[in-house]
Amino acid sequence: MPIVKVEMWPGRTQAQKAELARVITEAVVTIAHTTPESTIVIFKDVAKENWAVAGVLASQSP
Amino acid sequence: MPIVKVEMWPGRTQAQKAELARVITEAVVTIAHTTPESTIVIFKDVAKENWAVAGVLASQSP
Amino acid sequence: MPIVKVEMWPGRTQAQKAELARVITEAVVTIAHTTPESTIVIFKDVAKENWAVAGVLASQSP
Amino acid sequence: MPIVKVEMWPGRTQAQKAELARVITEAVVTIAHTTPESTIVIFKDVAKENWAVAGVLASQSP
Amino acid sequence: MPIVKVEMWPGRTQAQKAELARVITEAVVTIAHTTPESTIVIFKDVAKENWAVAGVLASQSP
Amino acid sequence: MPIVKVEMWPGRTQAQKAELARVITEAVVTIAHTTPESTIVIFKDVAKENWAVAGVLASQSP
(Lines give C-alpha, C1' and ligand atoms only; values in the text may rest on other atoms or scores of the structure.)
Protein backbone atom coordinates (compact mmCIF):
# COMPACT_ATOMS: atom_id res chain seq x y z
CA MET A 1 0.00 0.00 0.00
CA PRO A 2 2.84 2.50 0.23
CA ILE A 3 2.79 5.50 -2.09
CA VAL A 4 6.16 7.14 -2.63
CA LYS A 5 6.48 10.53 -4.31
CA VAL A 6 9.79 11.84 -5.53
CA GLU A 7 10.00 15.52 -6.40
CA MET A 8 13.14 16.55 -8.24
CA TRP A 9 14.37 19.09 -10.73
CA PRO A 10 13.93 17.92 -14.33
CA GLY A 11 16.80 16.25 -16.10
CA ARG A 12 16.69 12.66 -14.94
CA THR A 13 16.46 10.16 -17.78
CA GLN A 14 13.90 7.41 -18.08
CA ALA A 15 16.66 4.96 -17.20
CA GLN A 16 17.43 6.81 -13.99
CA LYS A 17 13.76 6.95 -13.00
CA ALA A 18 13.30 3.28 -13.82
CA GLU A 19 16.31 2.39 -11.67
CA LEU A 20 15.10 4.64 -8.82
CA ALA A 21 11.62 3.09 -8.94
CA ARG A 22 13.13 -0.38 -8.84
CA VAL A 23 15.47 0.30 -5.92
CA ILE A 24 12.99 2.32 -3.85
CA THR A 25 10.30 -0.34 -4.31
CA GLU A 26 12.76 -3.04 -3.27
CA ALA A 27 13.68 -1.03 -0.17
CA VAL A 28 10.05 -0.46 0.80
CA VAL A 29 9.16 -4.12 0.27
CA THR A 30 12.15 -5.41 2.20
CA ILE A 31 12.22 -2.95 5.06
CA ALA A 32 8.55 -2.09 5.50
CA HIS A 33 7.28 -5.57 4.65
CA THR A 34 4.86 -4.79 1.86
CA THR A 35 4.33 -6.38 -1.54
CA PRO A 36 5.76 -4.97 -4.78
CA GLU A 37 2.32 -4.98 -6.42
CA SER A 38 0.91 -2.63 -3.79
CA THR A 39 3.83 -0.20 -3.93
CA ILE A 40 3.46 2.89 -6.12
CA VAL A 41 6.30 5.28 -6.93
CA ILE A 42 5.45 8.62 -8.56
CA PHE A 43 7.96 11.11 -9.92
CA LYS A 44 7.21 14.81 -10.17
CA ASP A 45 9.58 17.05 -12.06
CA VAL A 46 9.65 20.53 -10.57
CA ALA A 47 11.37 23.16 -12.70
CA LYS A 48 14.09 25.28 -11.12
CA GLU A 49 11.85 28.26 -11.90
CA ASN A 50 9.40 26.80 -9.39
CA TRP A 51 11.79 25.79 -6.61
CA ALA A 52 13.25 28.27 -4.14
CA VAL A 53 15.73 27.75 -1.32
CA ALA A 54 16.56 30.53 1.11
CA GLY A 55 14.03 32.71 -0.68
CA VAL A 56 15.77 32.53 -4.06
CA LEU A 57 14.47 30.61 -7.08
CA ALA A 58 16.94 27.91 -8.09
CA SER A 59 16.82 29.28 -11.63
CA GLN A 60 18.19 32.59 -10.35
CA SER A 61 20.64 31.15 -7.87
CA PRO A 62 24.26 32.01 -8.56
CA MET B 1 -13.73 23.39 2.71
CA PRO B 2 -12.83 20.00 1.26
CA ILE B 3 -9.98 19.83 -1.22
CA VAL B 4 -10.00 16.77 -3.46
CA LYS B 5 -7.01 15.86 -5.61
CA VAL B 6 -7.26 13.31 -8.36
CA GLU B 7 -4.02 11.98 -9.81
CA MET B 8 -4.38 9.96 -12.99
CA TRP B 9 -2.52 9.09 -16.14
CA PRO B 10 -3.12 11.62 -18.91
CA GLY B 11 -5.78 10.94 -21.51
CA ARG B 12 -9.02 12.03 -19.87
CA THR B 13 -10.94 14.60 -21.87
CA GLN B 14 -12.19 17.90 -20.55
CA ALA B 15 -15.68 16.41 -20.63
CA GLN B 16 -14.59 13.52 -18.42
CA LYS B 17 -12.87 15.83 -15.94
CA ALA B 18 -15.88 18.15 -15.88
CA GLU B 19 -18.18 15.20 -15.18
CA LEU B 20 -15.84 13.84 -12.50
CA ALA B 21 -15.62 17.24 -10.81
CA ARG B 22 -19.40 17.52 -10.83
CA VAL B 23 -20.07 14.05 -9.42
CA ILE B 24 -17.29 14.14 -6.82
CA THR B 25 -18.41 17.57 -5.58
CA GLU B 26 -21.99 16.34 -5.36
CA ALA B 27 -20.84 13.32 -3.34
CA VAL B 28 -18.77 15.43 -0.96
CA VAL B 29 -21.57 17.94 -0.45
CA THR B 30 -24.21 15.28 0.12
CA ILE B 31 -22.26 12.83 2.22
CA ALA B 32 -19.86 15.09 4.11
CA HIS B 33 -22.33 17.97 4.47
CA THR B 34 -20.34 20.80 2.98
CA THR B 35 -21.27 23.49 0.47
CA PRO B 36 -20.45 23.29 -3.25
CA GLU B 37 -18.79 26.72 -3.16
CA SER B 38 -16.24 25.57 -0.60
CA THR B 39 -15.39 22.33 -2.40
CA ILE B 40 -12.33 22.31 -4.66
CA VAL B 41 -11.42 19.47 -7.01
CA ILE B 42 -7.95 19.46 -8.59
CA PHE B 43 -6.78 17.09 -11.31
CA LYS B 44 -3.13 16.20 -11.78
CA ASP B 45 -2.08 14.29 -14.85
CA VAL B 46 0.88 12.05 -14.11
CA ALA B 47 2.59 10.59 -17.19
CA LYS B 48 3.13 6.83 -17.34
CA GLU B 49 6.84 7.65 -17.50
CA ASN B 50 6.49 9.00 -13.96
CA TRP B 51 4.31 6.31 -12.41
CA ALA B 52 5.67 2.95 -11.28
CA VAL B 53 3.91 -0.06 -9.82
CA ALA B 54 5.83 -3.04 -8.49
CA GLY B 55 9.05 -1.18 -9.27
CA VAL B 56 8.33 -0.87 -13.01
CA LEU B 57 7.41 2.37 -14.78
CA ALA B 58 3.96 2.09 -16.36
CA SER B 59 5.49 3.26 -19.64
CA GLN B 60 7.73 0.18 -19.64
CA SER B 61 5.17 -2.25 -18.31
CA PRO B 62 4.34 -5.11 -20.67
CA MET C 1 -4.29 3.78 -11.14
CA PRO C 2 -6.03 6.91 -9.89
CA ILE C 3 -5.15 8.20 -6.46
CA VAL C 4 -7.75 10.47 -4.89
CA LYS C 5 -6.99 12.52 -1.77
CA VAL C 6 -9.71 14.18 0.23
CA GLU C 7 -8.67 16.81 2.76
CA MET C 8 -11.39 17.88 5.16
CA TRP C 9 -11.86 19.17 8.66
CA PRO C 10 -12.22 16.37 11.21
CA GLY C 11 -15.65 15.20 12.24
CA ARG C 12 -16.73 12.82 9.50
CA THR C 13 -17.69 9.39 10.77
CA GLN C 14 -16.30 6.14 9.48
CA ALA C 15 -19.67 5.56 7.82
CA GLN C 16 -19.40 8.85 5.95
CA LYS C 17 -15.84 8.12 4.82
CA ALA C 18 -16.81 4.62 3.74
CA GLU C 19 -19.71 5.99 1.72
CA LEU C 20 -17.53 8.72 0.19
CA ALA C 21 -14.85 6.19 -0.76
CA ARG C 22 -17.49 3.99 -2.39
CA VAL C 23 -19.15 6.75 -4.38
CA ILE C 24 -15.92 8.47 -5.46
CA THR C 25 -14.42 5.15 -6.58
CA GLU C 26 -17.57 4.35 -8.53
CA ALA C 27 -17.41 7.77 -10.21
CA VAL C 28 -13.75 7.38 -11.13
CA VAL C 29 -14.27 3.88 -12.48
CA THR C 30 -17.34 4.82 -14.51
CA ILE C 31 -16.25 8.19 -15.83
CA ALA C 32 -12.49 7.78 -16.15
CA HIS C 33 -12.63 4.12 -17.18
CA THR C 34 -10.37 2.55 -14.60
CA THR C 35 -10.76 -0.52 -12.42
CA PRO C 36 -11.90 -0.42 -8.79
CA GLU C 37 -8.86 -2.44 -7.69
CA SER C 38 -6.47 0.21 -9.00
CA THR C 39 -8.32 3.13 -7.45
CA ILE C 40 -7.09 4.44 -4.10
CA VAL C 41 -8.94 7.00 -1.99
CA ILE C 42 -7.11 8.60 0.93
CA PHE C 43 -8.69 10.87 3.55
CA LYS C 44 -6.69 13.45 5.45
CA ASP C 45 -8.27 15.19 8.39
CA VAL C 46 -6.96 18.72 8.75
CA ALA C 47 -7.81 20.44 12.03
CA LYS C 48 -9.44 23.87 11.90
CA GLU C 49 -6.37 25.10 13.79
CA ASN C 50 -4.36 24.24 10.67
CA TRP C 51 -6.68 25.60 7.98
CA ALA C 52 -6.92 29.29 7.13
CA VAL C 53 -9.15 31.08 4.66
CA ALA C 54 -8.71 34.78 3.92
CA GLY C 55 -5.75 34.78 6.29
CA VAL C 56 -7.74 33.66 9.33
CA LEU C 57 -7.51 30.22 10.93
CA ALA C 58 -10.87 28.44 10.76
CA SER C 59 -10.58 27.84 14.51
CA GLN C 60 -10.56 31.58 15.09
CA SER C 61 -13.11 32.48 12.45
CA PRO C 62 -16.27 34.13 13.81
CA MET D 1 13.06 22.70 7.55
CA PRO D 2 9.75 24.12 6.40
CA ILE D 3 8.49 23.15 2.97
CA VAL D 4 5.93 25.53 1.50
CA LYS D 5 3.91 24.61 -1.59
CA VAL D 6 1.96 27.19 -3.51
CA GLU D 7 -0.60 25.92 -6.01
CA MET D 8 -2.01 28.56 -8.34
CA TRP D 9 -3.41 28.97 -11.81
CA PRO D 10 -0.70 29.65 -14.38
CA GLY D 11 0.09 33.21 -15.38
CA ARG D 12 2.40 34.47 -12.66
CA THR D 13 5.69 35.80 -13.98
CA GLN D 14 9.10 34.74 -12.78
CA ALA D 15 9.36 38.11 -11.06
CA GLN D 16 6.15 37.49 -9.14
CA LYS D 17 7.26 34.00 -8.09
CA ALA D 18 10.68 35.30 -7.05
CA GLU D 19 9.05 38.01 -4.95
CA LEU D 20 6.59 35.53 -3.41
CA ALA D 21 9.40 33.12 -2.55
CA ARG D 22 11.35 35.92 -0.94
CA VAL D 23 8.48 37.26 1.15
CA ILE D 24 7.12 33.86 2.20
CA THR D 25 10.59 32.68 3.24
CA GLU D 26 11.10 35.86 5.23
CA ALA D 27 7.75 35.33 6.96
CA VAL D 28 8.53 31.71 7.81
CA VAL D 29 11.99 32.56 9.11
CA THR D 30 10.78 35.48 11.20
CA ILE D 31 7.56 34.04 12.57
CA ALA D 32 8.36 30.32 12.81
CA HIS D 33 12.00 30.83 13.79
CA THR D 34 13.75 28.78 11.12
CA THR D 35 16.72 29.53 8.90
CA PRO D 36 16.43 30.71 5.29
CA GLU D 37 18.73 27.91 4.10
CA SER D 38 16.36 25.24 5.41
CA THR D 39 13.23 26.81 3.94
CA ILE D 40 11.99 25.51 0.60
CA VAL D 41 9.22 27.13 -1.44
CA ILE D 42 7.76 25.20 -4.37
CA PHE D 43 5.30 26.58 -6.92
CA LYS D 44 2.89 24.35 -8.81
CA ASP D 45 0.94 25.80 -11.68
CA VAL D 46 -2.45 24.12 -12.00
CA ALA D 47 -4.31 24.87 -15.23
CA LYS D 48 -7.88 26.12 -15.02
CA GLU D 49 -8.83 22.98 -16.94
CA ASN D 50 -7.71 21.02 -13.87
CA TRP D 51 -9.24 23.14 -11.11
CA ALA D 52 -12.92 22.98 -10.20
CA VAL D 53 -14.89 24.96 -7.65
CA ALA D 54 -18.51 24.14 -6.86
CA GLY D 55 -18.25 21.23 -9.27
CA VAL D 56 -17.39 23.39 -12.29
CA LEU D 57 -13.97 23.54 -13.96
CA ALA D 58 -12.55 27.06 -13.76
CA SER D 59 -11.99 26.92 -17.52
CA GLN D 60 -15.74 26.51 -18.05
CA SER D 61 -16.85 28.90 -15.35
CA PRO D 62 -18.84 31.88 -16.61
CA MET E 1 -7.67 30.27 -5.74
CA PRO E 2 -4.19 29.70 -4.38
CA ILE E 3 -3.67 26.84 -1.96
CA VAL E 4 -0.58 27.15 0.22
CA LYS E 5 0.68 24.22 2.31
CA VAL E 6 3.24 24.69 5.02
CA GLU E 7 4.93 21.57 6.37
CA MET E 8 6.95 22.10 9.54
CA TRP E 9 8.07 20.27 12.62
CA PRO E 10 5.56 20.56 15.46
CA GLY E 11 6.00 23.22 18.08
CA ARG E 12 4.56 26.36 16.53
CA THR E 13 1.85 27.97 18.61
CA GLN E 14 -1.59 28.90 17.38
CA ALA E 15 -0.47 32.53 17.50
CA GLN E 16 2.48 31.79 15.22
CA LYS E 17 0.31 29.89 12.75
CA ALA E 18 -2.31 32.65 12.78
CA GLU E 19 0.37 35.23 12.08
CA LEU E 20 1.92 33.10 9.33
CA ALA E 21 -1.48 32.57 7.69
CA ARG E 22 -2.15 36.29 7.79
CA VAL E 23 1.20 37.33 6.33
CA ILE E 24 1.35 34.61 3.67
CA THR E 25 -2.20 35.39 2.54
CA GLU E 26 -1.36 39.07 2.35
CA ALA E 27 1.74 38.29 0.27
CA VAL E 28 -0.19 36.04 -2.12
CA VAL E 29 -2.99 38.58 -2.54
CA THR E 30 -0.63 41.49 -3.10
CA ILE E 31 1.98 39.83 -5.29
CA ALA E 32 -0.07 37.25 -7.18
CA HIS E 33 -3.19 39.41 -7.45
CA THR E 34 -5.77 37.11 -5.93
CA THR E 35 -8.49 37.73 -3.35
CA PRO E 36 -8.15 36.87 0.35
CA GLU E 37 -11.39 34.87 0.28
CA SER E 38 -10.03 32.50 -2.36
CA THR E 39 -6.68 31.94 -0.62
CA ILE E 40 -6.31 28.86 1.57
CA VAL E 41 -3.34 28.21 3.85
CA ILE E 42 -2.95 24.75 5.38
CA PHE E 43 -0.41 23.77 8.02
CA LYS E 44 0.86 20.23 8.40
CA ASP E 45 2.93 19.33 11.41
CA VAL E 46 5.45 16.63 10.58
CA ALA E 47 7.13 15.01 13.58
CA LYS E 48 10.92 14.84 13.65
CA GLU E 49 10.49 11.08 13.76
CA ASN E 50 9.04 11.35 10.26
CA TRP E 51 11.48 13.82 8.70
CA ALA E 52 14.93 12.83 7.47
CA VAL E 53 17.71 14.93 6.00
CA ALA E 54 20.85 13.34 4.58
CA GLY E 55 19.34 9.95 5.34
CA VAL E 56 19.03 10.55 9.08
CA LEU E 57 15.75 11.10 10.93
CA ALA E 58 15.70 14.54 12.56
CA SER E 59 14.78 12.83 15.84
CA GLN E 60 18.06 10.93 15.74
CA SER E 61 20.19 13.74 14.43
CA PRO E 62 22.97 14.85 16.77
CA MET F 1 17.05 18.99 -3.72
CA PRO F 2 14.85 15.90 -3.96
CA ILE F 3 11.92 15.61 -1.61
CA VAL F 4 10.65 12.07 -1.10
CA LYS F 5 7.33 11.38 0.63
CA VAL F 6 6.39 7.94 1.81
CA GLU F 7 2.76 7.34 2.74
CA MET F 8 2.09 4.07 4.54
CA TRP F 9 -0.25 2.55 7.06
CA PRO F 10 0.95 3.03 10.63
CA GLY F 11 2.93 0.31 12.32
CA ARG F 12 6.49 0.80 11.10
CA THR F 13 8.99 1.23 13.88
CA GLN F 14 11.46 4.07 14.18
CA ALA F 15 14.16 1.59 13.21
CA GLN F 16 12.33 0.69 10.01
CA LYS F 17 11.80 4.35 9.11
CA ALA F 18 15.43 5.16 9.86
CA GLU F 19 16.58 2.32 7.64
CA LEU F 20 14.16 3.33 4.86
CA ALA F 21 15.34 6.95 5.01
CA ARG F 22 18.94 5.80 4.81
CA VAL F 23 18.46 3.45 1.87
CA ILE F 24 16.16 5.75 -0.12
CA THR F 25 18.54 8.69 0.35
CA GLU F 26 21.44 6.54 -0.78
CA ALA F 27 19.48 5.49 -3.87
CA VAL F 28 18.53 9.04 -4.75
CA VAL F 29 22.07 10.30 -4.27
CA THR F 30 23.65 7.50 -6.27
CA ILE F 31 21.14 7.22 -9.11
CA ALA F 32 19.90 10.79 -9.45
CA HIS F 33 23.25 12.40 -8.64
CA THR F 34 22.29 14.68 -5.79
CA THR F 35 23.87 15.31 -2.41
CA PRO F 36 22.70 13.68 0.83
CA GLU F 37 22.38 17.08 2.53
CA SER F 38 19.84 18.27 -0.02
CA THR F 39 17.72 15.12 0.11
CA ILE F 40 14.66 15.13 2.36
CA VAL F 41 12.58 12.05 3.16
CA ILE F 42 9.21 12.53 4.86
CA PHE F 43 7.02 9.74 6.21
CA LYS F 44 3.27 10.09 6.54
CA ASP F 45 1.32 7.49 8.43
CA VAL F 46 -2.16 7.08 7.00
CA ALA F 47 -4.56 5.07 9.15
CA LYS F 48 -6.43 2.17 7.57
CA GLU F 49 -9.59 4.09 8.43
CA ASN F 50 -8.45 6.72 5.95
CA TRP F 51 -7.24 4.51 3.10
CA ALA F 52 -9.61 2.84 0.65
CA VAL F 53 -8.90 0.48 -2.22
CA ALA F 54 -11.63 -0.60 -4.61
CA GLY F 55 -14.01 1.65 -2.73
CA VAL F 56 -13.59 -0.11 0.60
CA LEU F 57 -11.75 1.32 3.60
CA ALA F 58 -8.79 -0.88 4.52
CA SER F 59 -10.11 -0.96 8.09
CA GLN F 60 -13.28 -2.63 6.84
CA SER F 61 -11.66 -4.87 4.28
CA PRO F 62 -12.11 -8.59 4.93
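For clarity, chains are labelled A, B, C, D, E and F in written order, and residue numbers in each chain start from 1.
Heads up, the rule we're going with is that contacts are C-beta pairs under 8 Å (C-beta built on N, C-alpha and C of every residue); 3 or more make two chains touch, one makes a residue touch a chain.
This is a predicted model, so every value here is computed, not measured.
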List every chain that touches both chain C and chain E.
-> B, F
Give the pair among A-F, A-B or C-E whose set of contact pairs overlaps with that of D-E by over half, matching residues by number.
-> A-F
Pick same or different for copies chain A and chain D, depending on whether their interface residues overlap by over half.
-> different
Per the centroid of Cα atoms for each chain, what is the distance between chain D and chain F, given in Å?
-> 24
Please report how many Å separate the Cα centroid of chain C from that of chain D, as a whole number.
-> 22
For chain B, what residues touch not just one other chain but two or more?
-> 3, 7, 24, 40, 51, 53
Let me know each pair of chains that touch one another.
-> A-B, A-C, A-D, A-F, B-C, B-D, B-E, C-E, C-F, D-E, D-F, E-F
Any idea which chain D residues touch chain A in the complex?
-> 14, 17-18, 21-22, 24-26, 36-37, 39-45
Mind listing the chain B positions that touch chain A in their complex?
-> 7, 46, 49-57, 59-60
Within their complex, chain E touches chain B through residues 3, 40
Interface residues, chain C side, partner chain B - complex = 1-9, 12, 16, 19-20, 23-24, 27-28, 31-32, 34, 51, 53, 58
